[in-house]
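Below are the structure tokens for one structure; questions will follow.
A, B, C, D and E are the chain letters, set down in written order, and residue numbers restart from 1 in every chain.
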Amino acid sequence: ADLKFKPGEDAKFNWQSFEDFKKGHDLKGQTLTIFGPWRGEDETLFRAVFAYFSEATGVEVKYSSSENYEQQIVIDTQAGSPPDVAILPQPGLIADLASKGYLTPLGDETQKWLLDNYAAGQSWVDLSTFKGKDGNAALYAFPYKIDVKSLVWYVPENFEDAGYEVPKTMEDLKALTEKIVADGGTPWCIGLGSGGATGWPATDWVEDLMLRTQSPETYDKWVKNEIPFNDAAVVGAIDEFGWFAKNDKFVDGGAAAVASTDFRDSPKGLFASPPKCYLHHQASFIPSFFPEGTVVGEDADFFYMPPYASKPELGNPVLGAGTLAMITRDTPASRAFIEFLKTPIAHEVWMAQSSFLTPFKGANKEAYANGPMKKQGEILLDSTTFRFDGSDLMPGKIGAGAFWTGMIDFVGGKSAPDVAEGIQKAWDAIK
Amino acid sequence: MIATSRSPLIIVVHLSVLLLVALWTLPTAGLLISSLRDKDQLAVSGWWTALSTSSQNLTGRAASPDAQVEKDGKFVITGNLIEGGTSKVSAFGVRPMQPTAFEVGTTADIGDGQTLTVNEDGSYEIVSPTRMEGTRGQRIFYTASVPPRFTLDNYREVLNAEGIGASFINSLTVAIPATIIPILVAAFCAYALAWMPFPGRAILIAVIVGLLVVPLQMSLIPLLKLYNGVGAFFGVPAKTYVGIWLAHMGFGLPLAVYLLRNYMAGLPREIMESARVDGASDFDIFVKIILPLSFPALASFAIFQFLWTWNDLLVAMVFLGTGNNELVLTGRLVNLLGSRGGNWEILTASAFITIIVPLIVFFSLQRYLVRGLLAGSVKGG
Amino acid sequence: MTGLVLKDIRKSYGAVDVIHGIDLDIKQGEFIVFVGPSGCGKSTLLRMIAGLEQITGGDMLIDGERVNDVPPSKRGIAMVFQSYALYPHMTVYDNMAFGMRIAGESKEEIDRRVRAAADILQLTTYLDRLPKALSGGQRQRVAIGRAICRNPKVFLFDEPLSNLDAALRVATRIEIAKLNEQMADTTMIYVTHDQVEAMTLADRIVVLSAGRIEQVGAPLELYERPANLFVARFIGSPAMNVIPAKITSAGAATALELTGGRTVSVDIATAASEVGKSASFGVRPEDLQISTGDDYLFAGTVSIVEALGEVTLLYIEGLVPGEPIIAKIPGILDVKRGDTIRFTADRAKLHLFNAAGQSYRAL
Amino acid sequence: MTGLVLKDIRKSYGAVDVIHGIDLDIKQGEFIVFVGPSGCGKSTLLRMIAGLEQITGGDMLIDGERVNDVPPSKRGIAMVFQSYALYPHMTVYDNMAFGMRIAGESKEEIDRRVRAAADILQLTTYLDRLPKALSGGQRQRVAIGRAICRNPKVFLFDEPLSNLDAALRVATRIEIAKLNEQMADTTMIYVTHDQVEAMTLADRIVVLSAGRIEQVGAPLELYERPANLFVARFIGSPAMNVIPAKITSAGAATALELTGGRTVSVDIATAASEVGKSASFGVRPEDLQISTGDDYLFAGTVSIVEALGEVTLLYIEGLVPGEPIIAKIPGILDVKRGDTIRFTADRAKLHLFNAAGQSYRAL
Amino acid sequence: MQQLLFAIFTMVGGVLACVVYFFGTNWLLDKIFPSKGLTGPQASKNLRITNAIRPWLFMAPALLALGIYLVYPVFESVRLSLHDRTGQQFVGLSNFRWMLGDSEFRQSIFNNFLWLLVVPALSTFFGLVIAALTDRIWWGNIAKTLIFMPMAISFVGAAVIWKFVYDYRSEGSEQIGILNAIVVAMGGQPEAWMTIPFWNNFFLMVILIWIQTGFAMVILSAALRGIPEETIEAAVIDGANGFQIFFKIMVPQIWGTIAVVWTTITILVLKVFDIVLAMTNGQWQTQVLANLMFDWMFRGGGDFGRGASIAVVIMILVIPIMIWNIRNATREMER
């Protein structure tokens, strides 16, 4: 196969790991089917990654994806024709697959590897551990490719021009918000629209603010509904979000526009002239929706959504999302593929092509394609707490339903306690 | 044809059809125009404005200080904000909050003793008494009247995508037999239900109506299980073209049988009787009389069945697989969209590329929806 | 032997009884004509013979074998439909060839027979047309052509000539007569409204009325000795004139008093018991002659004169209120409206029916 | 004044010319009958008058106004279609009432007129049926009823009686005649194949052949003085006997030598220049009488005897090869096949046509 | 190239197999019970047998396919609806009990009835009107093609189109959704159409109507053209105007087909979910049954029990339509 980076050529890659892996695995003639969420550009990047796997092992990899991958994987596993390896971004769905016995445990060795090699390793192990069909918890998934969500995007030149500083604390961020208003500008662009998934960007806000106002344990309890949704802690976080989103002066177009503006369109306000807003909270993927030719790091940049100075005990929490690989059919090739993911090269190849973050400490940071990526990688590595997107951890009916709807109602005018109570009711209904 | 003068009524007809057509095509026209625009404009102005010259606030960037030349002791950067366009600049500024601070053609003081002049044609000149520093050029905000601008890039991108040709063939391989086979099967069944007496006919018709409602999604898992079972038993792959044809046939049959039966039941009884007296068997009657006379219904159904199979993604994904070799056109295009489905410009272009084949089918089959097929056959009520 | 026997055949559409029990024996090779008023059930009967209509009651036998449930294609029939029933998507040629193709005849044979039929029916120039591009008469000819192309045991014709012009009608009628002669073994059943067709073609005529047989017999028999008033009036055109009368004396000849007062004597025997009963006196329009003498049957005022060239029809008012007496006199007459004319007739050609409509001659 | 004028009216279907230029003046209130062989263009002409068929060439004027492009509904017509064209989803009643409902007649008026028409046409018991549950004749009657229910300026009938039985045909014909009398201002145009209908109803008959007018005239005129051989043979049934002849001497009376050798003299004037030319001698079957004496026109052998009751048709072989001479003799004759019979005829009733088929009488 | 050959080969093979079946079985039937050439009781007996068998031969492939692809899944659905989310544990009617108490379900039922009332009626109406009108004008075929186009656009495309129509930008900024642009041009306030409860259902219905009118148009167009021309001519002569001809002569004659189109669209409405899924995913109180079912079936691993029980409800809703069709069919056969 065509390898994007010639082995041995660029020193930033850990070629040794590739050679080692190659030596340990000879599976010539076997095939491996991988079902993943990546399509379009992402797919090309991923193909470049597994090309190394094929090169090393001789396994022929067949990758496929689908617009309805959620539905597809359910159908395929139920019908008994699953792929060998599935990569999915939804822990909730994975939990379900595990509980129905469609997944193969990855074993203690992998668990230990994660603990040792991933930053905030315990967080990752917890995330990837699910109850199997037999009721015993085990590691079923391997986190690979992470998105950081605790990012605020801005245009440095606009900041410079207006004389604004990147805030280091949440208090500063709030002060900056008010200052922009005082200067006659609009601070935020917030768009929750996403067709059938409208509302999800707000859940990221709430989760981020939850991590900044509550302990990670509370967060965990929240996503497992061990504390009710209408617990004061949660209501508080929702109201924090409301402070930003429900103030007509703070958001472009006023609070009414928030729910209906498409999330893909909303960052464009940053680049308008005059600027429609100065700040935009969104995950690391958003630059693909910036106007063509925008150079991240120059024309646009981001900063870490800061924690409250008043709550130092919470450290630097990072909210993220990501994809997890799992074995849906236990073959030597699929085992080998998981092993492959443990090599630095599997991470570095993608890092070097952009839009890939990893908490893997063994991967060379220098491999990141550009400054901003590296900076995000550092945010990830510097995090004291990493928490996966809560709405993805909740049952689908809540995390991809009631929570979204609730947030829309919330920006539409409903009060936080009412909204939270409604969501809790929905949660009760599915128990 | 009935002799008619240009009565006012026919004008009303023309106008109302025009109105309906306009209503129906307006959204699509929007999509078509959008597919020809570039993606940044999509989100900021309505598609209908794409046809007119619009005044827009734009941001440009002067060449980087590397490009400065020394002239008369001053450092000068020149260039043009508008590459190859015919836009006209009317005002400019250097601060984002005041993008229209200066009239075009005037010289603006931009601090540090530097001055900036922007002309109507977009050419600019930065003059500085000292050597300019930095790696990035000065941002220039300007207001320009932009003439309509269209691009075929979106189409180019879609058409150049890898494997699109193979997917096209895959789609045809799925759609053509998946259109013809169910029509044949359904036509025979419809004839039996319409003209061959046997016990339980009415019930059977009702059951078929009832089956129209079975949600596709319900069937996928049991069917795929079955396919896997059959595949394993015979040692053949579970996901084959035959499998997907049959699946499309199964899902399309209720409607086909229902539509065709209804049509066939309306054919004049005397024709069938006359053929029967001529010694024709049911099979002869079906093939030689019913089929030719049912052309309008067959053609209508063919159009729909082709449409569905052509535009289908779900069934193809499940029964044909998602690998590169078997990916159908819709699947290929959806994959182009990227993981977050944001690339509207590709969506718009691909929507128009996929629409072409069904429209050809529609156009070529439309002439079978003919008038007076039965004319001259019988007399009476 | 392809005899056709109908035994108490009945037909109802839902609650509507259309055929009330028909008994009929048709011998092989016979030419039978069904006549009767519109809606009396001729087509229905024909369709039952063809097997196109379920028989509600009774038995139908062909060659002594019950065929109630035998499908049309097994009965060896050819049929001309009243409503043509052409195949709209086939050319005239293909319409005619269809049956033979089904039967697997050779191409040459088909071509020969189609062309022969087209020749007879003057359809040769239209062989490539579709039915919709034909005139009414041409369509009808195609329907006939389709039937005569085949070689069935039983021919069924449902008003095959109704849309044809006189010359063509005569020609086609003669062709059918020839056909009948050539195929002496083929039974033909023919529905028509045309007296001439019925009289010239039929071996026997079956007169139907409201789903019942009124009389079966050779054409001249029906004309000369109608069994009842219905047949008397139905056969012959214009219809027989009927005048209410009272029998004044009976015997080998019967004396009558007509409404209006004239007394007439007819050569029909009646029983003495009939004297005083009311009866109907009948005389055909063509049997009336203008009398110049005093010996006349009756007289009346001419209300309408219809000169057809060959004959003249006189409508005579004044005898039966509201119902003119019609006289058919050969040639072109010099009679005007309002003239009073006396009529006489050959005594042997007079008819007499009792109150129930039965002919005294047949009793 | 609702006169109807056709000026060089033409019609073609694609490349097929069907009507080749018809010129015709129809006066208001006239009863015009179109006759002609099947496929000659009668229906087409009628449909053009109705406005159902685009006129390819020429002008059509109603009341002096060009109506080529006036839609049917504006022409004030009613039409009976050859193929009935009943509304299959409406009962008989509704079929008949439809036009009046459209015209906004009152409920009572509609009911009155529908019932009146149904009465005339003996449809009263079928008023609630759908067309598909009717016999052929009943359907036709509904089609007629539909037209006579309305009150148009022009009535168009396309073979309205072809599927009716004799009695009903006579009755309906008389009704149409009455209608014509009552509505003296209404123009009626009537297509038929029935000689009797044509002769009795028409004020003038238009004889068409292959899209051209052969002759226009009053019925008896056509019968007695046909302009050409075509009309002579077309009017009258059976058709006029035509025997090839050669003119031997001309003058006020003309002498002929018939094929077969007999010499005949007819009371028709010819020019001297005609002597020696071949011509056609014509005599109508009904004008032939059996001659017992020596003074006869010609003699021949009987090949077929058709006894219709009222008349007997004799087919005489031997004069014109392949084409029998037909004689129509009143009454029932005692003639057998093979008999040789001599015929004579009234000299005034003989016809003579030149080689081009034109009548010498009309020249 | 090779793929093309393979494609052509498979296509021809597939279609041929189908043709061979019908010809083959019929030939075989006539061989086993010959009637051609034979006469007498044997022939008519054979004929009776073949006549009894032949309908089933004609229907066999269709019935088989229907059985496998639709009937079997129906039973499977019924079975699943009585089981828990994994499809393993029998739970009786508890899924249905849950459903009755679920407010989203009630909302869906309500919305579905709205859809059922509006969409089939309007689609059929517009389809009929367009089919009839376009028949009378020279550019009718072009008009038809344009109106048919929405049917041909893949669903993703349609969703984008309507996003462009309903797009909402806050007051003051430039509207890129045409609906709001029009509203603003007329001096109104822009609205986020998708978020207005109750009425947003109608905005969604518009999309389906927009798509389905093409369907109705094509089918009805075929039917309209089957109307005997003479009946229309007769009506013209009777003095009926365009409207009267349309409503009193044409519509009644194709009533059967109208019913078919209506039925088909009604059933489609029962199944509709992709519009709702793409535009609102049931938010702002626009949930419908099919989307709800889809949601329960596949979201986050799925709850087959509840998903199937909703499917069962959808199937129950179609029963009145089935009964109505039985009545129609029997009436028709009495002819």
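In this text, contacts are C-beta pairs under 8 Å (C-beta built on N, C-alpha and C of every residue); 3 or more make two chains touch, one makes a residue touch a chain.
Note that the structure is predicted; figures quoted are calculated from it, not measured.
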item	value
Shared interface partners, meaning chains that touch chain A and chain C	B, E
Far-end chain from chain C, centres as C-alpha averages	A
Between chain D and chain A, distance of the C-alpha-averaged centres to the nearest whole Å	94
Centroid distance [mean C-alpha coordinates] between chain C and chain B, Å	68
Geometric centre distance via CA averages, chain E-chain A, whole Å	40
Distance from chain E to chain D - Cα centre to Cα centre, in angstrom	56
Contacts with two or more other chains, residues of chain A listed in rising order	68, 71, 75
Chain B residues counted as touching two or more neighbouring chains	2, 43-44, 217, 221, 223, 281, 334, 372-375, 379-380
Multi-chain contact sites of chain E, meaning residues that touch two or more partners	51, 228, 233, 236, 241, 297-298, 335
Chain E to chain A touching residues, read off their complex	86, 98, 102, 159, 163, 167-173, 192, 194-195, 276-284, 295-302
Touching residues on chain D, where the partner in the complex is chain E	50-52, 71-73, 77-79, 81, 83-90, 98-99, 102-103, 132, 146, 150
Chain B residues within the chain C interface of the complex	268, 270-271, 273-281, 284, 288-289, 292-293, 372-380
Residues of chain E defined as touching chain C within the complex	35, 39-41, 43-44, 47-48, 51, 334
Chain C to chain E touching residues, read off their complex	14, 65, 67, 69-71, 74
